[in-house]
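Two complexes come next, and they have one chain in common, chain A, joined by chain B in the first and chain C in the second.
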Partner chain A sequence: MLRIECPCCGLRDHDEFRYGGDASITRPGHDDPDPEAWYRYVYVRKNPPGPHREFWQHVTGCRQWLVVERDTRDHAIASVGFARKTRA
Partner chain B sequence: MNMSRYSAFSIFRNGLSGHKNWQRAWRAAEPKPAYDVIIVGGGGHGLATAFYLAENHCIRNVAVLEKDYVGGGNVGRNTTVIRSNYLLDGNTQFYEFSVKLWEGLSQALNFNVMFSQRGQIVTAHSADQLDMFSHRANIMRLNGIDADILDREELRRLVPYLDFSDTARFPIYGAILQGRAGTARHDAVAWGYARAADSHGVDIIQNCEVTGFVRDGDRIVGVETSKGRIGAGKVGLAVAGHTSVLGRKAGLELPIESHVLQAFVTEPLKPLVDHVVAYGADHFYVSQSDKGGLVFGGNLDGYNSYAQRGNLGVVREVAEAAIALMPCISRVRLLRHWGGVMDMTPDASPIICPTPIDGLYLNGGWCYGGFKATPASGWCFAHTLATGKPHPLIAAFRLDRFRTGHTLDEAGAGPSVWLQ
Partner chain C sequence: MNSNDRRLPAGGRIDRMRPIGFSFDGRTLNGYQGDTLASALLANGITLTGRSFKYHRPRGTFSAGPEEPNALVTLGTGGRREPNLPATALELAQGMIAESQNRWPSLGFDLQSVNGLFAPFLSAGFYYKTFMGPTRRAWMFYEHFIRRAAGLGRAGTERDPDRYEVRHAFADVAIVGGGPAGLSAARAAAYAGSDVALIEQDFLLGGQLLSERSDGEAAAWLKAIETELAGLPNVTVRRRTMAFGIYDGNTLALIERNDDPVVQGAARQVFIMLRARAVIFAAGAIERPLVFSNNDRPGVMLTSAARTYFNRFAVLPGENILVATTNDGAYRAAIDLAAAGARVTIADQRSILPAGLAEEARRLNIAIRSGTQIADLRGGHAVKAAKFAGPGGNSEIACDLVCVSGGWSPTVHLTSHLGVRPVYRDDMDGFVPGGLPAGHFGAGSMMGRFSTADAIDSGHRAGIEATAFCGKSAAAPAPARLDLGEAATDAFRAIPSIVRGKAFVDFQMDVTTKDIELAHREGYESVEHLKRYTTLGMGTEQGKTSNFAALSAMAALRQETIPQTGTTTFRPPYAPVAIGALAGRSVGRHFKPIRRTPMHDWHVANGADMLEVGLWMRPYFYRVAGRDVNEAYVAEMRMVRGAAGLMDISTLGKIDVQGPDAAIFLDRVYANGFAKLPVGRARYGVMLRDDGIVFDDGTTTRLSENRFFMTTSTAKAADVLSRLEFLLDTAWPELRVAVTSVSDEWATMSVAGPKSRDVLAAAFPGLDVSNEALPHMGFIETEFAGRALRIIRLSYSGERAYEIYVGATAGEKVWRHLLEVGAAFGLRPYGVEALGALRVEKGHVAGPEIDGRTTLDDLGLGRMAAKRTGFVGDVLRRRPAFQAPNRQRLVGLECAEEGKRLRGGAILFIPGDTVAGHGRGRITSVTFSPELGRYVGLALLAADVAAEGSEVFATYPMKAETVRARIVSPVFLDPKGERLHG
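The block that comes next holds the complex of A and B.
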């Protein structure tokens, strides 16, 4: 079982968390008229075999959104932090 | 190249010498300096493509490059279900063409792929869901595909072991049945295509990983591999699960995420499940192998993964769904479970097309439905490679459909692939 060290609640099984996908994607501005930017935001993913920054929400714990850096080949977690800090 | 044909007589003849003189099924080829077409990926789709390039288009100077061994990837990891009960134009016709190819595949390959048209049942758990299945059945019939709607009592006669009790978690209202759906022996599909392609002169090169592409200007003219540089008139990618990895080396940005899907098999039982049964209230589907094991699967693990193994949370979820539908198997022991890496696309439909890069063709994005598509995928990808234009049956599987808004979202699940 994958376990995530929640900075608020401590080490918890991953099924307490909801996956939120690639955290390296930036949302275009609301007034951005470029369809290419929206296409890339909604669909295009780097999908690396290796370190991957991704969102998880601790839904059955503190309900905080986290950014986890996890290796997609072996699930080793390098870092966990609050999503709000990284999106200043 | 002249492999002996398999037949009842060949079994008898080899029996006379104690079955010690069977020839190998295909050559252990080493790469030539260049080929007309290189297929990257020696799975079902890549091998089928090579076979149909030779068989349908007389293009025989072809190599299939496999980084590991033939049959070690998803073609040997799936739950072997074959069906064509799709809703959307583009999918419906393609998958029905595939079922028709499956129906003649053992003869076409001279290899018994053990295609068993035992029928697939999807259970309905509300009146509305049964209405939805009627809609689907009508679309299938309008496309010439067999489909039947069963009410609760008709279904009960077919599959009495499902939970028809008053305490069922989700009461069964009926089902949709496609009688021509079924299963096949997945290893035999890989081996059958490999042997048939080889007999046409195709080189199947195992332990040969593609590490990069050779360019002449903007055009791709070959591949760098662990066995050296190999030239190619055209390169076709058939590496679903790892399409992003090779796509990036070629300079393609793709709408694909890799996720793990698990499959399970129980200890062998006496014959119990005569069909493929899928649970309409959750994600669970089951068939029984010829050895007696119940082969089943469920949801994705739910986060990006290139690990060919899954986690225990999903084992529990799938087991819960299994018991909710079939309480009679609650004491059956799990023998093995394993994982395969899926190319998940944002609309859960595949991508087969020429790419914006000259000389490069793409076959991927199969999500968790690639096995049933193997013959049609190979057939249509071979056509695309041979002519440079998409086969009409794969016209909807274009890469640019996400950019233009022509997605093919069968489940209407939206672009977060882990929710599909």
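The block that comes next holds the complex of A and C.
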């Protein structure tokens, strides 16, 4: 029942999007050799009840990856922006 | 045949000029336009409408709305059969075919009503104890008996021929309920400037006003406001529409029904997702029954329902009527029924009577007994007499209808769906919605405003407030007044009766006061436990009439107040929803799209047996090669290994990768290196996930310095593209690279086999396809008939092979051309079964091995990444657990027994193992190898028992087969790759 206001395409049904997980976690550098850093990036999640920054891709629209701030309790969306900062 | 002999000569909201023929349990009957099925049955004197769920007790119509627990019917025949519908909410339609449920062989004579004798088996907790307790084995014994005896209607097994729809709708203000509060809210919101959607489950607007006289002031008020709403262009009225749930984002889920079997072309049901900026709940209230012995007999009815049947449907449901009540409201029904000529007695539990109403009642010769309650009823298939308990001692009167009223419960279901807990209000002895969130408003009896005047007033205010919430603020003129003289709140706690026989709390689930006592005694005291233990409120009507009586009973047993006991959680759907309505048109071929390759029509026209692979249709095998797949794939393999074969591989994912940093990007996403790939050359590549598991494999060709052409597996095409975009958008935005799917732009086919180069040379005469110009992993770009053509020399089968790419619209043309010139070399098409078999012989891993659990090392591909770092999945693939000595790794297996075969999915054991559990590994892919003359396969097998040359047992429990297999290299054919080169 979610609708996401894509900054490129406008308000769209969530059927057009693909969920991409927690956006608050920093990905280690591609050549970071620390297993602990990769373990935290891949497996450790807070799963908070409340505001949550997460990735969504507008797969059947503009295909941009977005950062959506969604309240996990009621799905209220506070903000939507491009994940790639230069496109904001 | 009786025909409408219970129908009054005048009055009601039925159209006597439009009779309607229908059938019930095979009897042909008549009703009128404006009837429900239940009112038409009552008009025909039919008071026995069903048998109860567990005990098969006779039951009659109890209510006049969707809260009906008893009169459930199955509608329609064949594929249109729909069970468990409340007759009280079904609009009568010409040709309607309805059947009663849960009776055998007939409603009047039910053999299984002897189940009453087995009652101890079916008491509370029977299911719980049988399934969960130490007596679970008992289920084996009881199952047959229970399944037959305890059940509601059966669904049809034939295909439903009707059409269903899914729609989206929008409104500023959505109003649930078209009674006085909802009508007033719709009017106010519309005048104030909102786009309004008014939702009413009934086929008429009016709610409780429909139970008032059809020619009185309530009817006049209703007619006036309906006319007013019809003249407001910003109001959409949805009748016959049930709001069954509310979801996040103010999304109301609605079902619009059309039960008329003769309306052609219309969807039978429409599932509507209505998104509103504000929602007004005006869903009304449901009358509560009274609990006493045998309170489920046919002829016991809610008092408001009796009044509805009389005033709305012109049916007098009894002639000798007892009204048992705890409140003032029931007097109005008694007065209406007495005025129509019925003999009426009121048994009021209260000792102080409402003076005005009592006087009015006595003027109509209604006898009133104060401080009196019903102790028991006599009569089996129909009520005959009621026994009283009260200050006047025990007495008995004859009656043919018992109207009961235990007060009213606001319909808090919908507001509860979003987690708003109902709160108890002592002044009305009931639950109302707790604090509603922003944008939600309530009005009318649902909010405890029971009088009509109050409902209209609260609706008006809600309409204006909801519109203001939407940011609009025009004025709305005050609505016309309607005062029917009801008290604002009207509550008196029902006194529990002294129960001798069965006294039902939940009619539909056959839960009695004894079941609640048993649950209490056994410690299931919380309301949520009580519900699950007794199945209370778990029927199709979700305890709409039973909930409060059960809470009261449990509170009394626990010596608590009702708010201390609490209430259960209501969840969607408010009323049963047909799966067909949710699916809409997404059925059969429309359930998921079909993808066809550019050569699809040729395959079908030329004897291909087509196979669904994900969304794709692919040629499985060609009938020219064999009668069935087993014969054909072996013949097609021989053709490829001996001469040449043509395969449609257009389904491969294709991604164009461009930009100054494209080579760096590919170096990071593939486990093996691509930066040093020369222009004009292709390379096999494997991608990992971040967790070190293999993600996908494919090939990438360097078209120019900054441009690459990537292929992915058919299955992972979408996932790979999305992942590449994710990495570029979120992880490495500094890389100047763009990726674009070109999967549908290119038709792709593979020419494989020792004669493949001869085919190519003949097909494209001007082109140098010599080993020097186009070596293994080489690439050339050319033109065919004015279209760009790409040829990449790649092999999947192990033979010399070329992948040919051409614009999709020219795909069939090139395909035909190749077959035409290739015929001289023995070129024919082959299907995916042969393709899969050829790759197994060659030891190439594919989907069955790259199954989301295997690493590069597991698949024997570790050397590809041996000296590299800095690519996706590099760090976590080195986890110690992935290096465990018994980690399952890829091996080849060949069948060691003459005349036997290997099977995919077989479980592997070593000699001496007990054959149980998951074994040491499993066979992932098998094929018959024409080259080796036996079955061979790929397997994942614990590395500590996987020495080449040793034997394992492959067991296939589905067919009770066990066969010996020898561990060999997974590359069964041409291990040096001599066939590929040169």
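In the analysis below, the second predicted complex is superposed on the first by the 85 of 88 C-alpha atoms of A that agree within 3 Å, B and C clash if a C-alpha of one lies under 4 Å from a C-alpha of the other, contacts with A are read in each partner's own complex, and residues count from 1 in each chain.
The rule we apply is simple: a residue touches a chain if its C-beta (ideal position, glycine included) is under 8 Å from a C-beta of that chain, and two chains touch if they have at least 3 such contacts.
Keep in mind that this is a model prediction, so the values were computed, not measured.
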Message: Quick check for you: in the superposed arrangement, does A:42 touch first (chain B), second (chain C), both or neither?
response: both
Message: Going by the contact rule set out at the top, does A:34 touch chain B (first), chain C (second), both, or neither?
response: second
- prompt: Which holds for A:72: it touches chain B only (first), chain C only (second), both, or neither?
  reply: first
Message: Contacts for A:57 in the overlay, against chain B (first) and chain C (second): which applies, first, second, both or neither?
response: second
Task: State which residues of chain A lie in both footprints, the one left by chain B and the one left by chain C.
output: 1-2, 35, 39, 42-43, 74-75
Statement: The answer for chain A against chain C in the complex is residues 1-3, 18, 20, 23, 27-28, 30-35, 38-39, 41-43, 55, 57, 59, 63-65, 74-76, 82-86
- line: Interface with chain A, chain B side, in the complex: residues 242, 244-245, 248, 253-258, 302-307, 311-313, 346, 402-403, 415-416, 418
Statement: Touching chain A in the complex, chain C uses residues 247-249, 251, 273, 275, 418, 668, 690-691, 718, 722, 725-726, 728-733, 869-872, 875-876, 878-879
Statement: chain A residues touching chain B in their complex are 1-2, 13-15, 19, 21-22, 35-36, 39-40, 42-49, 52, 54, 70, 72-75
